[in-house]
Amino acid sequence: MASKAFAIIAGVGPGTGASIARRFAKTYSVVLLARTPASYDAVVQEINSSGGQAVGISADLSDSSSVKSAFDQIAVQYSGSSLAAAIFNSGGGWARKPFLELTDEDYSGALASQAKGGFYFAQSTLPLLLKARDISPRPPTLIFTGATASIRGSTNCADFASAKFALRALAQSLAREFGPQGVHVSHAIIDGAIDIPRTKSLIFQHEDAKLSPEAIADLYWHLHAQPRTTFVFEMDLRPYVEKW
Amino acid sequence: MASKAFAIIAGVGPGTGASIARRFAKTYSVVLLARTPASYDAVVQEINSSGGQAVGISADLSDSSSVKSAFDQIAVQYSGSSLAAAIFNSGGGWARKPFLELTDEDYSGALASQAKGGFYFAQSTLPLLLKARDISPRPPTLIFTGATASIRGSTNCADFASAKFALRALAQSLAREFGPQGVHVSHAIIDGAIDIPRTKSLIFQHEDAKLSPEAIADLYWHLHAQPRTTFVFEMDLRPYVEKW
Amino acid sequence: MASKAFAIIAGVGPGTGASIARRFAKTYSVVLLARTPASYDAVVQEINSSGGQAVGISADLSDSSSVKSAFDQIAVQYSGSSLAAAIFNSGGGWARKPFLELTDEDYSGALASQAKGGFYFAQSTLPLLLKARDISPRPPTLIFTGATASIRGSTNCADFASAKFALRALAQSLAREFGPQGVHVSHAIIDGAIDIPRTKSLIFQHEDAKLSPEAIADLYWHLHAQPRTTFVFEMDLRPYVEKW
Amino acid sequence: MASKAFAIIAGVGPGTGASIARRFAKTYSVVLLARTPASYDAVVQEINSSGGQAVGISADLSDSSSVKSAFDQIAVQYSGSSLAAAIFNSGGGWARKPFLELTDEDYSGALASQAKGGFYFAQSTLPLLLKARDISPRPPTLIFTGATASIRGSTNCADFASAKFALRALAQSLAREFGPQGVHVSHAIIDGAIDIPRTKSLIFQHEDAKLSPEAIADLYWHLHAQPRTTFVFEMDLRPYVEKW
C-alpha cells in the first residue's frame, strides 16, 4: 500500500517532529512514532489530507518490547518499501533539579528515553537502512537530534546531559561504523529554544529568538539529500541572538 | 551595472571555489578573488557565457594593501549592490615538513595566508554585510572553509594547524559578535580530500572517496538560505569512507 | 576507630584502583569498594600490614541498594571521620561487538556500570564531601576515571562510549554545581592501556608503552592536593608512544 | 658554571613566570627570558640569594633574531648542561576591541607574540630537549601556557583567540611529533584570573577567586616529574568559583 520509499520519525509532537514529518512527506511516505495518538494524530491527518501519506504508531521508545512491536507493524505495512530515512527526535529526560534532589527514576529515566531509546531505534532501523542502499534515491540516513546538553554538562542538568552525551556517543559510533557502509548518520546539536507550542510561554527580548522547526526540517532534508561523497556528521544550530 | 545583490568568493581555483562561485552565481552576481587571473578566468568566462554575472579580481589575500585595492575596485563596481554572501576559501600554508625543518617563512606564511587573510577579508566584508541586512533577501553570510587541521594538530602539520586553528578562532569570535547583529557566520570543517584537479593523482580504494565540490557548494548555499532564527555555525564534512 | 580523614576508592582490582588506594593510604584511612573480596583482599591486607588503614566492602556499584548498603556500613565505621576524597574508578561495560550484535543487556549494562554507578556513587559521597569542607586538610575531592571512549565514539564501541560519555557529562555537571561549593570534581581521560595484570598479554613494540598505575595515582593525589583557587577539572593521560 | 640540568622559562614577569621559575629553581639552574630586565631582575636576585641559580636574558620572543641571540648566549653559558624543561608562558596579544576596530598591528601582533613566539621557542628548545633525553633525570618537558581563549573565540577577542588557538595547535602538533621521541609536551588552559600584581584591581565576590601562581607552578612541576609512560598533554585549571 505504501509508496516505494518511506521515512520514520520517532518522537513526534506538535513541534520539530511534526515539521520534519511534513518535510519528508513531500517525497516519502512517513511513519510517525510517539507515545500516544494525541501526539501524532493531527499531523498524520494533515499530511494525508494534503496529498501525502502518513501513518502514526504508538510506541514508547524507551521500552524495547514496545519498539519491537512498532517495527513489527512497520515490517508488515511497508514490506514492499525501502527505508530512506530514520530520525530520532525524542524529547524528555530533564528533571531540572539540583543534583542531590535527583531520584534514581529521574536519572535512569533520562538514560532510558535518550540513550536506550536511541539504541533501540538504531538497532531497528539500521538493518532496514542497509537494505535500502541500492534502492533509495539518496543515501539512507539516520539522524539524531541533540541539544546544548549533548556537549555541555551543567548545574541542574546531570540527568539530561548524561543522557544526551550518551546519545551523541551512540551517533558518533554509528557514523564511524555505518558511514563506510553507505549509511549517512548525523547528529544535530540544537542550541536554543525551538518555536513550538510548548515554548510559547518563553518570552525573549527579540521576537524571533527561537529556532524555526521548519528550518530544522529543511536542514535535515538537506543532510539526507547529500551524496555519500559529502556527508555532514555534526552541526550546531542556534538562533542569531543566542549566547554561547 | 551589477545586479542588486552580489557575493564574493575568495580563494578560487579550479576546485571548490569555482563550484561555490557557480552555485551562488545562479542567484547573485559574483566576484572571484584569486592571486592570478589564471585561477579565475575560466570560471568567470563560463559563468558569464551561461547567463550569470561574474567578475574576477586579482588579489593576494595575505597582503593587506592588495586586499584593500581589490575592495576599492569592488566598491566602485558594486556601488549600487548589496553584499549577500562572502566566502573565504583560501588554501595554502602547509609545507608538510618535520617541525625542525620548518622555516620561519613556512610558519609565518601559513599564518599570513589563513589567519591574516581571514582577518583582512572579514574586516573588508563585514561592513558591507552589515549594511546589507535590510536589503539582502537572505541573512548576509560570511563562511570560512576549514580543514581537519582546524581541530587537530599533528605531526608535520604545525604550520597549517596553527593557521587553521587561528582561522577557526576568528570565525567563532565573529559568529559570537556579529550573529546577534544579524550576520550569519559559519565555519565548515572539510575533513578529507576534495575531488578537484589538484587531487587527481590521489587514488583511494573506493572510486568515490573524495568530497564533491558541488555538494560543498550546495551546503554553503543551504547555510546562506537559513533564516536568522536557525543559524548553523559549524559542521564537519567527509566522504563516507573517510577514517576519523 | 578510623583515623580523622578517609578516602573511598570505588572499583578496585589489582590495577589502578589498588595503586590509588595505596597512594591515598599514605595519608588517609581508605575504604575499597569492589564487587567481590577477591578484588580488594590482597590490597587491604597489604596496606594494613604496612602501617596504613584499609577496609574492603563488597558492593555492586551499578545496583542502588548494594551501594546504599555499603554506605550504611561506611556511615557506621567512619562516623567520626570526614571524607576527604572519593574516587570512581569502575571498569566494565565494553562488549566489543559490531553494533547490530550488541544486546540490550550489553548496552544497558554499560550504562548501569558507568553512568548509573557514577550517579549512585556521587549521590552517596557528595553529602559527605560537602560536610568535610571545613575539616578536610585539602579541598574534598571527587575524581572520575574516564577513557578514550569518554570523548570518542567508534566502531564496536557504542556501548562503552555511550556509558563513558554519560559519566563525563555527570562529572562536568557536578564540577559546575559543586566546584563553587568548594568540592573539587575532576575527570581524568586515560588514553591507552594501563600496565596492570589484566593487560599483561598486550604486547607493544616498546616495552614501556603502557600507563603506570602508580603515576596515575600520583596525579590523582596531586589533584586532591590542589588548593581551591586552582582546580584542574579535566586532563588526558597517555603513554609517550600512544597514537592519538 | 651552571649546574648539570637547567630549565628555561620564557615570559617572566612578577606573576606566573616568576612562580614557575622559583619552583623549578629548587632543582635546576633556571634561565628567565623577558623583554626587559625589569621583568626578571627581582626574581633572578631572589633565587640567587636564596641558594638557587638563576640567569636573566632579555629577549623579544616574537622576534626571531632576538630569540636566536638569547639562545646563542644560553649555548655558551650552559654548554655543559642539559635542558630538562622549557616553559613558554608569554602573555600579550589582546587588544580587547570590537572586531572592526582591531588594527592590522593588533591582529598581527597577537599572532607574533603567541604563535610565532611559541614557534621560535619550540624550534630553539626542542633540539636541546632531544639531546637531554638520556641525561635528564626526568623526561625533558616543553610546556605551553594557554588561556580560556585557547578553546573559545568570543566577542572582542578575535586577536587573542586566533593567537591562542594557533599556539594550542602548535603544542598539539609537537606533542604528537615529539612525544614518541620521549619529549613531554603539555598545554595548560588557564581559565580565570591569576592572583598576580597586574590583577590586583580585579575584585571578585570571593576573596580567593583567583588562581594561585604557586599552584600553577606546582602543577607544571608535577607534569615535568611524570614518567614517559604517563604523560598528561592537556588540562584546564580554574578557581573553584569560576563560571564556565
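First chain written, first letter: the chains are A, B, C and D, and each begins at residue 1.
The working rule: a contact is a pair of C-beta atoms (placed from the backbone, for glycine too) under 8 Å apart; a residue touches a chain by one contact, two chains touch by 3 or more.
Everything numeric here is computed off the predicted structure, so don't read it as measured data.
Number of steps on the shortest path from chain A to chain D, with steps defined by chain touch: 2. Chains that count as touching both chain B and chain C, per the definition above, are A, D. Within the list C-D, A-C or B-D, A-B finds its counterpart interface, over half of the contact pairs alike by residue number, in C-D. By number of C-beta pairs in contact, B-D leads over the other of B-D and C-D. In terms of their C-alpha centroids, the spacing between chain C and chain D amounts to 32 Å.
Chain centres here are Cα means. That of chain B falls 34 Å from that of chain D. Across the assembly, chain A contributes 176 as residues in contact with two or more other chains. Arrangement of the chains shown, judged by which pairs touch: one closed cycle in which each chain has exactly two touching partners.
Of all possible chain pairs, the ones that touch are A-B, A-C, B-D, C-D. Of all residues in chain B, those touching chain D in their complex are 64, 98-100, 102, 104, 107-108, 111, 115-116, 119-120, 122-123, 126-127, 149, 152-158, 161-178. Those residues of chain B that touch chain A in the shared complex are 139, 176, 179-180, 182, 184, 195, 208-212, 215-216, 218-219, 222, 226-242, 244.
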